[in-house]
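Chain nomenclature is as follows: A, B and C, assigned in order of appearance, with residue numbering initiated at 1 for each chain independently.
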Amino acid sequence: MLKILKYSFFDLMRSRWSYVYFAFYLLLGIVLLFLNNDLSKAVITLMNVIIVLVPLIGTIFGVMYYYNSKEFTELLLAQPLKRSSIFLGQYLGVALSLSMSLILGLGIPFVFYGLFESSAIWDFSLLLITGTFLTLIFTALAFNIALSNENKIKGFGYAILLWLFLAVIYDGLFLMTLILFEDYPLDKVSLIGTMLNPIDLSRTLILLKLDISALLGYTGAVFKQFFGTSFGLIVSFVMLTIWVVLPVLRIVFKSKKKDF
Amino acid sequence: MKRVLILLSAILMAHSTIAQTIEVCKTCSTTSLKDGIIQAKEFDTIIVKKGTYKEHDIVIDKPLTIIGEKYPVIDGELKGEIITIISDNVTVDGLFIINVGTSYTEDYAAIRVRKSKNFVIQNLVLEKLFFGIYIEKSSDGKVFHNKIIGDAVEEYNSGNGIQLWYSKNVDIEHNFIQHVRDGIYLEFSNFCTIKNNVSALNVRYGLHFMFSNDDTYQDNTFENNGAGVAVMFSKRIKMYNNSFKENWGTASYGMLLKEINDAEIEGNTFEDNTIGINIEGSNRINYKHNNFKNNGWAIKVKGACYTNKFIENNFLYNSFDIAYNSKVNDNIFDRNYWSNYTGYDLDKNGIGDVPYRPVKLFSYIVNRTPETIILLRSMFIDIIDFSEKVSPVFTPDDLLDNNPQMKKIAW
Amino acid sequence: MVIIENLHKKFGRNQVLSGVDLTITDGGIFAVLGPNGSGKTTLIKSVLGMVIPDKGTITVLGESIKKSSDYRHKIDYLPQIANFPSNLRVKELIKMIKDLRKATNEDERLIQLFKLEPFLDKKLGNLSGGTKQKVNLVLTFMFDSPLIILDEPTTGLDPISLIRLKDLIKVEKAKGKTILITSHIMSFVEEISDEIVFILEGKIYFKGSIQKLKTKTDQPDFEHAIASILTDNHA
């Protein structure tokens, strides 16, 4: 698996798209920092970018890579290699190269700007960790979609739909539910609702850092325990890990059953 | 400040020519402060040497100067009030007063000033107290450089650090107050100045005004209190250059204004509070040159508030800048800097070309259903906020800053 | 070498294999023939484990292929269409495959044989179909495995390369290896194979030597024999 990971990774590192992605983040970082001239504001804007764009790019890129690397996959399938290691290797290759583009693309301008002397370093690291998690999750989801759909167009369609649902529609439904049932105690429901969507989960993680003052304004005891202690942080990370593991397991399962 | 000290010492020296000095120590002829006061004549000085004096109900009934040398300990043994001043012109300096009695019927204090003028209470350290310094129907005094460390946990069985009741013209400066109910509490007290104090970790408020007019507080720091400062039912209060930090919690805020009229709020910093300023029924207040940074809500306006002006403030990275619970607005927002502003400045005059709407639809939703706070910064919320911005339905449509600054305001 | 019993496979509604029983003995060249869509590639891919059968068992070298994928180290497989990652260089590809399977020096001889030296530094995306097929052949023959499966090995090859391929196959056969070939080029099959397996509508229609086929169909030559099977069954 590690060998395949290596080849996928280098294959991607040479492809134009990794550079586009890297350049995009680099540009974003530079524009945010040097035009805004304010690290705290840049971190907030970055958060918005990360919880929306990283999943989008992860899904699209994952699906695209899967369909585009069909030849490579076929070549590998012809070799005496385990299927699970072929797909996991490819998955990790994509996810890691995307994560690297993210970390380097954003990291370099921030380091040049003087991140290490700044108090924003923890907020920024949290952003990068969350971004990496989102990349891992959404690339895995993308692979799942691609594995289940031979038709490229369909695959892309489902991928975009998935992103749209988790990034926007889910929150809309969530908000409606909360408003409709506002007479009932909702703090558990709202926390569970957050856990079930990796984008919301990441958003909450970042809220814990950026908006803790506002979050503590709410009375619910469960909320308080969640946001007021490290409990929230730990649970969020555990859930994010589960969100990575489940789709990856499905990749393994699905790839074993598939004909080529 | 210095001038006052020089003047004071000049007065003291003038007195010393005619007044006597009495020493109190364990081996002296006078072994207790009470005895010292009985022996002393008016305008004498009593020097209390280092040691522990187990005394309470010490009544100072003539003009005296009491100076502690190397912080002698006056231990009240939890039996009640420790020092009560009932004469004009009394100075108490340099004592370490501990173990004030706790009572549910009487407000025992470490040191009380009753119906007196021209008192000076300075350099005291108060610990294990109920009430710290209690000034009652007195005027023209000074409470300077005291350190008050309580151990309050609950509101109902704790007292305030410095309390003023029906008093006038009192200066409260350079005090350090922690772990009491209210750090400083003023009730029916006018024309007082509260300056350069640090009031932190108190159970209720760092500073609390009730029915007190024409007071000024400036350059104070209020940190980590149940709530920072509560200004209630008072008029013409001036609040300058104070710092309100980390007042976190459900009903917590940097500052509460309730039924306040004609106040000046300038140069203050509100940082990391759940609510920066909570305003209820307050009118004609000028907010100028304040920094609101990283608060949950920078300003929360409840109920009827008329003709307030918010001019040239910095609103930096607050989760919500302004929250309103009504659709009516009679307040002015002008020339502020809003870090959440996303407009542009094509004519390069430093003022954004599009007005800024500080009230978001989402703050209205959160007000209604508090659990929705969990959706803060979601893309869906951004979308509905945007549509509300374009055509306001739920929020006051005339609430805008027509001249949002492009750069943080410096003054 | 390979024992296939009662193999069924359906793709969607399309029943591709319906009860294939086939035993391939050790040594010799077996040609798998059949019209387009008869299930040749599916059969081969089932042996390779790339297609998961609905029903039936496959045993390769005495081991059921369901249990593990280790048996595939004993198979050299030439895929039908040489689809390679287009931004890899030929040299890198060969190096990579060696890295993935095992080290060998055979590749140098094969590169020489197919005159591939000038293309080593070219990207695979820029190669012609025939050159790609040659690279494909190098990748297949450089490992010395007892079972060789060739899916349409002649595609795109020029006559000289074709001759070299035939020689190569014969050399491998002489080593006592078992070689499984699918091809549409009848002359190639006739020249090279010891035995043919004819698949029709998902079943083994015929298995035996070319001579036997000729006798069975009562046709003088191989091509007509095949044609007669097809016309008999479709007319």
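One rule holds in what follows: a residue touches a chain if its C-beta (ideal position, glycine included) is under 8 Å from a C-beta of that chain, and two chains touch if they have at least 3 such contacts.
All of these numbers come straight from a predicted model, not from anything done at the bench.
Peer 1: Considering only chains other than chain B, in their present positions, which groups are joined through touching?
Peer 2: Taking chain B away leaves a single connected set, one piece.
Peer 1: In terms of Cα-based centroids, which chain occupies the most central position?
Peer 2: A
Peer 1: For this structure, which two chains have more C-beta pairs in contact than any other pair?
Peer 2: Chain pair with the maximum contact count: A-B.
Peer 1: Can you compute the centre-to-centre distance for chain A and chain B, using the mean CA position of each chain? Integer Å is fine.
Peer 2: 46
Peer 1: Can you give the whole-Å distance between the Cα centres of chain B and chain C?
Peer 2: 89
Peer 1: Provide the C-alpha centroid distance between chain A and chain C, rounded to the nearest whole angstrom.
Peer 2: Distance between chain centres, rounded to whole Å: 43 Å.
Peer 1: Give me the residue numbers in chain A that touch at least two other chains, ranges are fine.
Peer 2: In chain A, nothing touches at least two other chains.
Peer 1: Among the residues of chain C, which ones contact at least 2 other chains?
Peer 2: none
Peer 1: Which of the residues in chain B end up touching chain A in this complex?
Peer 2: 248-250, 252, 272-275, 294-297, 316-317, 319-320, 339, 365, 368-383
Peer 1: Can you tell me which positions in chain C touch chain A when the two form their complex?
Peer 2: Listed in rising order, the residues are 11, 45, 48, 50-52, 69-70, 72-73, 75, 77-79, 83-88, 96-97, 99-101.
Peer 1: Name, in rising order, each residue of chain A that touches chain B in their complex.
Peer 2: 38, 40-41, 44, 47-48, 51-52, 167-169, 171-172, 174-175, 178-179, 182, 186-187, 189-191, 193-194, 200, 203-204, 206-207, 210-220, 223
Peer 1: Applying the document's contact rule, which stretches of chain A touch chain C when the two form their complex?
Peer 2: 3-4, 7, 11, 14-15, 69-72, 74-83, 256-260
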